[in-house]
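Next come two complexes built around subunit A: one with subunit B, the other with subunit C.
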Partner chain A sequence: MTTPPEGWEARGRPPSWFRRFTFAKYAETRDFLDGVAALSEELGLHPQNINFATTHANITIEGADQQEPGEAELAFALRVNALAATRAGP
Partner chain B sequence: MTTPPEGWEARGRPPSWFRRFTFAKYAETRDFLDGVAALSEELGLHPQNINFATTHANITIEGADQQEPGEAELAFALRVNALAATRAGP
Partner chain C sequence: MIRTDPRTLGWLNRALNHEMSAVQQYMAQRVLARLWGDAALAERLGADAMEELDHAEHLMRALIEQGVTPSAGALRPPRLGPDADSFAHANRQIEADAVRLYREALAHARQIRDQHHEALFADLLAAEMEHLAGIEEQGS
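Up next is the complex of A and B:
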């Protein structure tokens, strides 16, 4: 089983990974979401669900083919963390 | 009270407007979301919440200052409808 990276929580069976990202204002949330979209294109992997409002974005990642998240999802989640770290916290 | 445009449902008090948009594939969902983001920038108004996955996007619009949606939100929702109409259906 692949352990989710920092800040992500494994939920359900098979597990999906969940993390809530918060931002100071809408423009930062928007930048983050644009970054996630670009990352999805680059890595050919997109979250199962994204829910966002003015100052937060909740992201859920599932594994492919109803398997649990693996190395590809780990790489993706780490890059998402890096995106958030360059922008706002926590 | 402003009546929501076609396809939108008024929910709650004060009412927010909700509509689910469905698409044939992720690329169409992505195009739609990019369009909504551009529209938000153009009109200076963004949805209270957007929840999206591979082939759908659920959008919730609230009025400003905890009022019910008005003319600005109506104009926004109509433009969102137009965006969806130029892409996929229903």
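Up next is the complex of A and C:
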């Protein structure tokens, strides 16, 4: 079983990883979401779900065919973490 | 993982949260109006709630089509008040918020050339603009 990267919480039924990202202002949140969209295109992996409001974004990722997230999802999550790290959150 | 643009999913979820919050607000106001004995106001607020519920159903369908289980999340607390005027003020605000939300969502769908969701957001924007105009005309 692949361990989720820092900041991500493993959830079950179906197995998934979840993380809430917080930002100081809406522009940062939008910029982050644009980055996630570009990353999805680049890696061919898309989050299972995204919720956002003015200063936060919640991301859920699942493995293929509702299996445990694996190496591909780990790579995606790490890149998302890196994206968030470049935005100045509180 | 599904193939939808992540931002589109975000807008669908955000819109669902808004619509269910609006349902909660209109229904709570309807209960108060009934307690006041204002049947006409209660009936109008009930119709408002049903309209928002219909919007929520469209959004839920769009999410299910993308393989996402709809979940409105934490709803905005309903804004009530001591009289019909205070309801009208709160409802103008929530409808103006809806118009802003759908304008942004529509702009996003157009930007990424997602015609399916563009049509959905355009329909909901038109409905909310009409609703806002109706509230301003009726005063509630």
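Here is the rule we go by: the second predicted complex is superposed on the first by the 87 of 90 C-alpha atoms of A that agree within 3 Å, B and C clash if a C-alpha of one lies under 4 Å from a C-alpha of the other, contacts with A are read in each partner's own complex, and residues count from 1 in each chain.
Assume contacts are C-beta pairs under 8 Å (C-beta built on N, C-alpha and C of every residue); 3 or more make two chains touch, one makes a residue touch a chain.
In this text, all values refer to a predicted model and were calculated from it rather than measured experimentally.
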Determine, under the contact definition given at the top, whether A:Tyr26 touches first (subunit B), second (subunit C), both, or neither.
first
Counting only touches as set out at the top, which of subunit B and subunit C does A:Thr54 meet: first, second, both, neither?
first
For A:His46, select first, second, both or neither according to whether it touches subunit B, subunit C, the two together, or no partner.
both
Most subunit A residues touched (candidates subunit B, subunit C):
C
Looking at A:Ala64 after the superposition, I want to know if it touches subunit B, subunit C, both of them or none. Which is it: first, second, both, neither?
second
I'd like to know which partner A:Thr86 touches here: subunit B for first, subunit C for second, both or neither.
neither
Determine, under the contact definition given at the top, whether A:Ala37 touches first (subunit B), second (subunit C), both, or neither.
both
Subunit B/subunit C common contact set on subunit A:
33-34, 37, 46, 48-53
Which residues of subunit C touch subunit A in the complex?
1-7, 9-10, 13-14, 17, 67-68, 73
Could you please specify the touching residues of subunit A with respect to subunit C in the complex?
33-34, 36-37, 40, 45-53, 57, 59, 61-62, 64, 73
Residues of subunit B defined as touching subunit A within the complex
26, 30, 33-34, 37, 46, 48-54
